[in-house]
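Below are structures written as structure tokens.
In what follows, chain A forms one complex with chain B and a second complex with chain C.
Take a look at the complex of A and B:
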């Protein structure tokens, strides 16, 4: 034990949720110390790594990796950080760097629908949240102003105040989709944390189509900016600090967090209040690692639900060639969605979903496909030009219900610091499969309306995921079946809060970041005695 | 008749909202924009014309005042004569001198008719704001406002504008806009040792300490003689010439707030006059201009053997401006960009440090927090060598000066404040002179 640091508040994790909660507390005068397992990174270093990467399609490749704060990586092969118990592998991607995983996203910043908070009451499935949409609405707005969110108002989520800016101008592909799918499907511009005008010292999007792996001009908000804002507000940030154990006193109050620096020297930090702001995998891991005689199953786990109810958004997709040139690859990568299947009485029968159009450049993947198919020379160039103008991909973002058997645990195998790796048990139920079937019907209709040819469905029963890791720290009114209360505080520890998408009890049909940030800002208000 | 036509066009454009506004008030509204009153007399996010913008000078901050028609806090109690004296002679209603941060030496050329229109607009169409910004508190001796009288005696030319019969109405209208309203020379004309504009080198280009206001005479090499009238109009209206020049820094602010809002007729007039400014050949870059962009350095970049400038360009610039510097999708090309053909690299470095932030359209992010002085210098020099004039370079020490707000030059701040600093420096000279005279007098006695 080298030293002991101290602060009013310690935040573990410098991602977008932790950083914005830390910033808010620091601005109210609290001394805040933020620990980050990973290193500091710079935008230009990531741009450089991407430009020189031979694997442009691997969106994790440009980010630095360290075995001391490992993140999962599946290319060119699985690096074995996340271990699988099955039956279905759960293979999320995330980053462990200052600013966290939103360095690398398409900035979709959706609010939940009001009904998403009450699916047990309304549809007899899943669980209700301990709070309502109205409880979260002001915090959604607070998050939207901080992150510079724009979007259309007809997105299903009512709002008390306008977006801080107009939606980003629709790309040509988006305009064609809007026109040709109407009136059967209303296509709307996505709600995104992407500037449509200069905002907060950052320029408007100029359509580099580079959102993932890195926006080269910060037109898109990300956690690195949130961490900068936290430091500007007075937060002390310690990178390369891997938290591995929390301590508590007789009453269960958390007294300290211990971390290893990258020389594996241990440090101890005491504080009045602790906020765990890593993701929904690394937080349960830390709480399991902190098991004590008093809490043998891990901290914050008297309910036995810690790490359970793991959810993400399983996705299937359809790829086809439109009967006209639509030029995907110009403008933001994720421009537009279809909302109408996000909610309805059908939710008692099958999973709801949002249909999401990709506008990513298809050049890399089509080139690979064509070369595999034996094209070369002039024929390769001709076919590449033809297909890149017309091939589009559409996916769903589908709600998976909380299932206690979907869970993250500790493996026997350890990482380079000697800390057990995460281990998953995971599967999909028929609610998901039935939703996928409904989605396939919608996909086929969309392909038909767009004059689609060479229609390719993603493999049946095999779903990709969206790194919207939720549920493992579920908030609930009843301490017997939830980890955290309605403000994200551990039922078992009065001074331990979670600022993470892990507290979300259901995953709904939209990207989890904005809701995670809104909840984190609300938790900060609770710490300040305002909720 | 051009001015009248211009006015008619303005009225037509603004007709629905201003249906009840008198022609005189409408004219005053337009003049307030053309003379850019609001730029200084409105604080960011503040009420229009309520003042409160701190204007930094090396001598301290000069805070712009409330010029709304409030009786207690603004100019509501001013008669037309008092307003005219403040505007054109720099003397307040209470007799105190204004600091020449207020560009009254330029406004002195304004016609009586325009002064009356401006007065009518400010009194009748601006909402009174019942609040005063904090007073300007310069350190002694600059706190003695009366001392400005001496400066005015030396440098205030209070001749009203008189048309030159040797030129047509458009030319004369352009001259009036440039001199009495837009005060182009404040930035673009070099100054002599006493900080007065050097009339023999009018508009030949000058450094503002950070940004460089280039030669805008009709010299085809050093100035804008090679620009088409259309390119000049596009530039002054939008900040983009469409031919490889774009505004940034204080010029962009002037375009966004003022020049871009001139009527087409006034813009034509301004450009007519501007293209006729006598050529001054000083301030030309050496002319070692690259003919083509550097060859793509992809392999060297991937191998890590590219020059540092090329590496920085790839990391920070190439995504938008393209590896070849060709620009595209509305983003400016860098090959032969006007900013890379100036005799100084200051503007290119300033654009990188501060970014470029037009009110409308695409901005360029700031890199002050991303690159250090040496990196900015290396990248700037690489850009000049590859895309612009290879004879122009700068070093990290200069970037450090730019980052700090300019070299310790008294001209800093002129970009938006008019002649504040010059006034202060002259003030020092005059006070020294007075002190010397006083001592001499005592010795004699």
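Take a look at the complex of A and C:
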């Protein structure tokens, strides 16, 4: 027999955006109930699972999986949760666990550039946001304080208050990059939610070089900590609760959310306000699943744009051997980047990008390569050591413009609970390809300045993905071409908000999490009547 | 507060295989594996040639032997064949042969090298983690790098020139 729960606010999804919005509302006295499709997990269990995993390079492998709340997994083969219509496969990774996908991330916590909010006005491409950088600036800072963000001030995003912490100490590799690429390329330490000193009860980084898939000491912030903070503020968290349908009244107000527990018993939760905080794939899925006679194309979809304008950051990369020993693998995994190609008049012609240097240990991949090439014995060990000291990898984080044909839909095929799986239509336009060509030129110059040999480009036209899922719930001033308004509220439902990177109308050139959190905190303020 | 689902998914199965193999390495005495206990086994001889090391950890050797036998019922016969190949090939010839993706003996040699240097036996769904920190790839660079997930050192220690 289904039961009915009730709260002032129901949050669907316990990731970093939903948890920090829930925390904020609970601290203001609201009763908040948060549903999470996946299970609770513990950091130490994930660390142990990583160390005993036969697939160390698979960021998903250490995390628990259930067919009742499935997430995509591509190794050793695709588990078939996400279905593809083409022409280009879109294969993001995400987790469905308490705390969400930021359990594994490199903690890059960038602000957008002010111009990123106005690319239609300035460059004639993409779309403008309904808010400006200045509107979001205080919320960026609020997020940075909660998450413990460190970084340098010369990163292109102006700020009213200092970072909570100094930038993380640079590795020797990072120092060599800074020295040898200057003045042509200014290399700066990344802004990251990584502790450069003890902060908020968590220790400073000690260089475990395992930010992905799991920081063993919580020196970097993640959604599990956000969920803990929400519960500490009084939020009631229900794990293993798979939301599958929203209900509405005659006026379009949302009245309840229904969820299955893992015994497939249905429960119903009523509330005054609803916040959808799954991710930019699972939220559209829930809204499509909630279609009714009144809203036959899904809730929040009178514009027809729900699930459309899907964006991520496609990446290409270059790998080469530096002409001196630099030893990647000492310190955090993603330490430094180049900003100069994030903005400029060229954005009217080709995609802008940030250039990102990896400091991940390359021992495993180089060993695999050498064994495959026939090395053994002393020669294997000699070559492994030489290449590990000198091989580095550089990639771009490149802006993809909103395209209504890039979208998430419902498939006919269903998951173990009988809910239709996500289906994608996806492709890249020439704006992306031209940006990749510009990246290649920059990559080659970087390799030249570093004395690079054995230069290897990633395959032309094949781009890796960054799991910065955005656009499917785009905010906009016009209800005819957007899903949500300037505070993340559904145009069609006055008490339905989205706390998700899905509301971002453009993806820009930086990791989406900090902007997603800042927007979620602003949405919470709107619910509190402060915006 | 800490429930992890126990559904017997492929992921879970792989994890349990890994844990079982580790337990074998850590807890069982060398003599618990009869095939590995009696003198110089084929795997010991093959491993010495492929790694160039005479000081291979006997518990690690036993765990690898156990894992490979568990994955492949024909392992012992294939291993004997590989040993015969190694006995007759000089280093240059062996290097060329090990690079041949289609050669069965070379594939087994690469699997054994992967076991020693990366701590993983088998591939795909059958892959088993038999070791991590003790894998030889880490030993080769141990004066500069730590296995991922283990601390490098105090905050900022990575700023110094490595060597």
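The criterion applied here is as follows: the second predicted complex is superposed on the first by the 530 of 531 C-alpha atoms of A that agree within 3 Å, B and C clash if a C-alpha of one lies under 4 Å from a C-alpha of the other, contacts with A are read in each partner's own complex, and residues count from 1 in each chain.
Quick note on the criterion: a contact is a pair of C-beta atoms (placed from the backbone, for glycine too) under 8 Å apart; a residue touches a chain by one contact, two chains touch by 3 or more.
Values in this document were obtained by computation on a predicted structure and should not be read as measured data.
When both complexes are overlaid on chain A, the residue A:204 reaches chain B and chain C alike. After overlaying the two complexes on the shared chain, residue contacts for A:57 are found with neither chain B nor chain C. Among chain B and chain C, the chain that touches a larger number of residues in chain A is C. When the shared chain is aligned, chain B comes close enough to touch A:43, but chain C does not. In the superposed model, A:216 makes contact with both chain B and chain C. Contacts of A:461 after superposition: neither chain B nor chain C is touched. Contacts of chain A with chain B, set against its contacts with chain C after fitting on chain A, overlap at residues 42, 45, 47, 51-52, 204, 206-208, 210, 216-217.
The residues of chain B lying in touch with chain A in their complex are 301-302, 311-312, 314-316, 318-320, 329-331, 355, 357, 362-366, 370.
By the touch rule above, chain A contacts chain B in their complex via residues 42-45, 47-48, 51-52, 198, 201-204, 206-208, 210, 216-218. Those residues of chain C lying in contact with chain A across their complex are 1-5, 7, 9-12, 14-15, 17-19, 22, 49-52, 91, 94-101, 106, 109-110, 113-114, 117-118, 120-125, 127-129, 132-133, 136-138, 140-141, 144-146, 148-163.
Contacts from chain A toward chain C in the complex involve residues 39-42, 45, 47, 49-56, 61, 64-68, 73, 76-77, 79, 169-172, 175, 196-197, 204-210, 214, 216-217, 239-240, 262, 325, 327, 329-331, 360-361, 363-364, 367-368, 371-381, 384-385, 388-389.
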